[in-house]
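Paired with subunit B in one complex and with subunit C in the other, subunit A is shared by the two complexes that follow.
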Partner chain A sequence: MTTLRDLPLDESLASGSLLCAGCGGVLLTRIFEKVLGPKTVTVNAAGCMSMLSVFPFTPFRSSWFYVAMASAPAAAQGIRDALDILLKKGRVAKEDDLKVVVVTGDGAAADIGLQATSGAIHRKLDFYYLVYDNEGYSNTGFQASSSSPYGASTKTTAPTALLPEGTLLDKKDLFEIWKAHRPPYIATISPAYIADMMHKIEKASRFAGPKLFIAHSPCPPGWDVGSDLVIRLSKMAVETGVWPLKEAIDGQVTHSLFMKKRRPVEEYLKMQGRFEHLFSPARQESVIQAIQAKVDDYWKNVTK
Partner chain B sequence: MTKELLTGNTAVALGARLSGVEYVPAYPITPQTEIIERLSRWANEGAMDARVVTMESEHSMLTAAGAASVAGVRTFTATSSQGLLYGFEMLYNIAGWRAPLVLANVSRGVASPITLEPDHNDVLSARDSGFLQIHAETCQEALDSVIMAYRIAEDDKVRLPTMVNLDGFYLSYTREPVDVPEQERVAEFLPPYRPQSGYMSAKNPMSVAVVVLDGRAYSYFKYQMHLASTNALAVHEKVAGEFEKAFGRKYPAVEGYMLEDADYAIVITNSLTTTARAAVQEMRKEGKKVGLVRIRLVRPFPRQQVADMLAGKKGVAVFDQNISVGSGGILYPEILSALYHRSDRPKKVVSFIGGLGGKRVGHTEFRHMVAVTEGCVRDDSQLASVLLFTDSDWQAVKGMLRTAGKGEVSQ
Partner chain C sequence: MIGVRLAGRGGQGIKSAAHVVGTAAFLAGRHVQDQPLYGAERRGAPVTAFIRISDKPVLDRGPVHEPALLVIADESLLDDRSFDALEGTTGNTAVFVNTSKSAGHVASTYGVAGRLITADLSRMAEEALEKPVVSAAVAGATGRLLGLDWSDIEQALVLELKDIRVEGEEQERNLELAKKAYGSFAPLEKVEGGAQVVEQTFIELAYHGPEASTCSVVSPGNTRGRDVGAWSRLKPVINYDECTRCRICFVYCPDSAITIGSDDFPVIDYNACKGCDICYTECPVKAISLVRREK
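Presenting the complex of A and B:
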């Protein structure tokens, strides 16, 4: 059983970056780096986390490779292949090998970089992929991405008299898209469940090939939630069933946490300014019910 | 020494193989595909100790190539036309990463309208990216240039990616006699890639391509690339000298042909140079004092050499196999700017556009260019760019327009 006591004390990611207080993405990246240890190269597609390394500083002890928004998994391919060649030819010693870790937001993962990700999974690339899913283009000020959920307000889907719901489209199911490629390991994780996250990263490390993670990643300015409420909100996402914690090993899905009784989604929605228009000035009952129905529909067929 | 009859594509692939390339991210596109087919086969047969990976797009292909080169392996890749444009963002990135890889571009016109045949809008669109550009005239030069390109790109004074351009069809699918250098002698000429920055590893952490939010730092890094690129003028000269010693073939950055006593000069790049040479010979037989300047190194632009060769001529005809829509030939203003400060600059420099989408260009066109330039000198007149398009070209297009249901169209 993995517990918080197992979390390494070593910090691979230093504090003091330019990112927002309470950023879910930073917390997730920090835990990821802690668990994987210092022998990593973090490959980052343009997005919020790109602001971690701003010349002349880097908060990483290990290597960092910033790349264009669409092609972080392709850079991971080039680095992994180069490392394999260097190892084979003895130019890099085995103990100096690196784990290749792609870190991107949901815009890169579900939109502009989906093709590059599909290619990398198809080629069975041996890499980790952490998606900090903040459900929008946060780094550009929070516009809608294909990962924005139905009913959320973003800068491009702000509710109007004509379109009172906010975002009309459903969140793209990246987990299922990835799963169709049959990678050895996929998991969803949450910053409120760090022991679960550690356990999953360690489990994933036993597999060769793509090891893919989608993380619930609250964005304080985009979601309009206080930085002190981020962990509580992430916990609420899991307890309402909005964010199922699960893994898929060779395509077989198991849920890490199964609740006999879920809290109503309303409790999750009410914590965030991006859903405020569903409750005031008038309650949009049909929209709230539709969101609840989507969650119920998901859990209908889940037995454990 | 026996020569083999090789297509330009095979020659380029051999150049990569002889250079000890270790990694090839690939993606097919006409007329380049034969290059990656060859390399894949050699890697799969064990004839070449390289990893060839077919990516899912040119954007990813270029990303993987740049990343591997930065990590410390000798990397080669190839594309053409739409592929180069699809990966365009990464050209600037790779150059900024200072990844000394070699990219073969097999020139092909850019859509729309879509075509398979060559012109240089694809490769010249990348002229500001930071890639060095070598434009080959023959299949032999394409092979030799790949080997030379690694020496230049990996030089510590340069450390920039290099593009070797060869024309689609005219070279890519055309067999020419090629002297294939021996592996041992190439190995002597081109030592293994040992980057000064070391190999990416746990022992050697790197922060690559970090965000620069300060305009001063951005200017510093950009201008450093520019200076590194201009260093490549001297490095190219040194490498070309050593290449000549080792293999007996001479590749100046800018080549003059029948130029010394010439009153008129044609400026040209790439494979049509061979046709232009023949046209110059013909005109010489008729007593016309015509010569030719072939620009092989397009980036960095060898301004001084170009000016030295053209200064003192009466007239210069610049042949651009490309078109900057709304401006004209792309190389023309570069030639003009090289000459402007010379008091002995030619009286007239005239711009000609031809060979777009592989349209035939023969002796008639080159003769016409010289005649028009002579006329401009004689009459002290200046023309806007001249499109090399014959009456029979126009009759053929009119026929097609009729078939397409456009009726009779006036010019």
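Presenting the complex of A and C:
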């Protein structure tokens, strides 16, 4: 599966959920489920994607399990262990085995669920882990998470006269935190690069153990961007270098896309209302420069 | 005791409207409770809020199932089969519908029992604010129907607007809108009931095994068929003469609203399309246009 035409026509995620029009997370989940096929069990930590299923309705065609925000990787361990025991006892046939897929937001992944994730990677749990990174607590009204980027406005870090830049802290680098655990496979993905995403999910399936993905996931109401521009925005994130596409296999990092010339980050920032305060009423040059410098600093050492 | 239920769509400001009316009644010295129904409500999705107003402390909790006054801020909800907008209405219920149509038309089209009042608050909001946010108008209209004083509504609205940082000229325009809506009605005669003051009682709960709290749905994909088409006013329409069958629209549609037909052309299911317009923006040959949805 490396071209868009290879994307299965059957929908693993049915229409009719109550999530926002143009939600990046829904698109990512849909593609993920499509590529992995129907034999999955999805474990959802509390967050927007857990609202896909609201009893008695569910868009999932396969099994789905809802769990507290902190605990998705731990629940995945329990499910994996149960499946392994049933397989061993012959109560589940080998061809009926399920892939265990955790889907969580950045808040769950980077904040309250980080220790459960660390534990699962450490125990070499055989699972897929998709973090749709909408850079905030979207489901509860877009408060800041440790994945919110410097300079963004959120419910809890709205710019004020005293602190005009919005979020003061830097985005936590989950990729590097995961990498320090040496799992077999980690990748960053983007909804604007679906073929790359399909390729990476398939590649990951060759490895036993933790297969971890972190995805750029535009949130139209939280980021204050038109729902029709979601794909454009994700593309811009990659082209400005804000969202590097890369993978780490047994700790060895390669970039999936290396640009000789990157667009200025300003073009990405200007598309979103959450950065509007950096441009009006007065331009906050130092903040914009600082954001650009962080991106330049990242790419300075990247050679492949 | 008066029980009020408000229904609208995410983004219209229904929660705020209920809060303004509740606060206004509180400022008038009444006992009140107002709350939105918290769930997966997103922009465009059905949203419900409740108000209870009484001269005695309000002990009831939860949804108002049999409202004395039902306020429907978006007419299309009456058409939504998965949302029971008229739940619990009887011949005594006062029903307000925000619509450009007449009360007679609405009553016969949707089978509304009870006293029906209509007004086009959306047009008022568009004129005053240049956007379809009807919270101030709904607050003004609901407050008036309940017989609240304008000064209390005004004070409550200022508090609410300040809370969401709407100040200056924008605040003025919202106040004017509310006042205009308030002035468009007469107070209802006799709005009573819809909720009851229950005495505090303790109920013995019998033991149920863990299976009682472990619900399972064995109808996978059953959200399909839920009509989310009313979430937007525009719909994407494919011009098949231009379409190159590249499937880009199919790939990017988050809501699985596009399928590929046997002739390889994409087909849009308008009940499933929320109108995000991603397909419109991403179609490389501009074969998709946006067309107003007819009601």
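Basically, the second predicted complex is superposed on the first by the 303 of 304 C-alpha atoms of A that agree within 3 Å, B and C clash if a C-alpha of one lies under 4 Å from a C-alpha of the other, contacts with A are read in each partner's own complex, and residues count from 1 in each chain.
Note that in this section a contact is a pair of C-beta atoms (placed from the backbone, for glycine too) under 8 Å apart; a residue touches a chain by one contact, two chains touch by 3 or more.
Bear in mind the structure is a predicted one, so any value in this text is a computation, not a measurement.
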Combined model on subunit A where subunit B meets subunit C, clash or fit: clash
Subunit B versus subunit C as contact partner of A:59, first or second or both or neither: second
Contacts of A:21 with subunit B and subunit C, given as first, second, both or neither: second
First (subunit B), second (subunit C), both or neither touched by A:162: neither
Partner chain in contact with A:51 - subunit B first, subunit C second, else both or neither: both
First (subunit B), second (subunit C), both or neither touched by A:282: neither
First, second, both or neither for A:232, with subunit B first and subunit C second: second
Subunit C region in steric overlap with subunit B, selected from 80-88, 152-160 or 206-214: 206-214
On subunit A, the residue positions that both subunit B and subunit C contact, one per complex: 51, 53-56, 58, 60-62
Residues on subunit A engaged by subunit B in the complex (per definition of touch): 38-39, 41, 43, 50-51, 53-56, 58, 60-68, 70-71, 73-79, 81-86, 89, 91-93, 95-98, 115-116, 118-119, 122-123
Contact set on subunit B toward subunit A in their complex: 22-23, 25, 51, 53, 55-57, 59-61, 63-73, 75, 89-90, 93, 199-214, 217
In the complex with subunit A, residue positions of subunit C that touch it: 39-45, 215, 217, 219-228, 231-232, 246-248, 250-257, 259-260, 269, 271-272, 274-278, 280-282
Footprint of subunit C on subunit A - complex, ascending: 4-5, 7, 9, 11, 13-24, 26-27, 30-31, 51-62, 191, 194, 220-221, 226-232
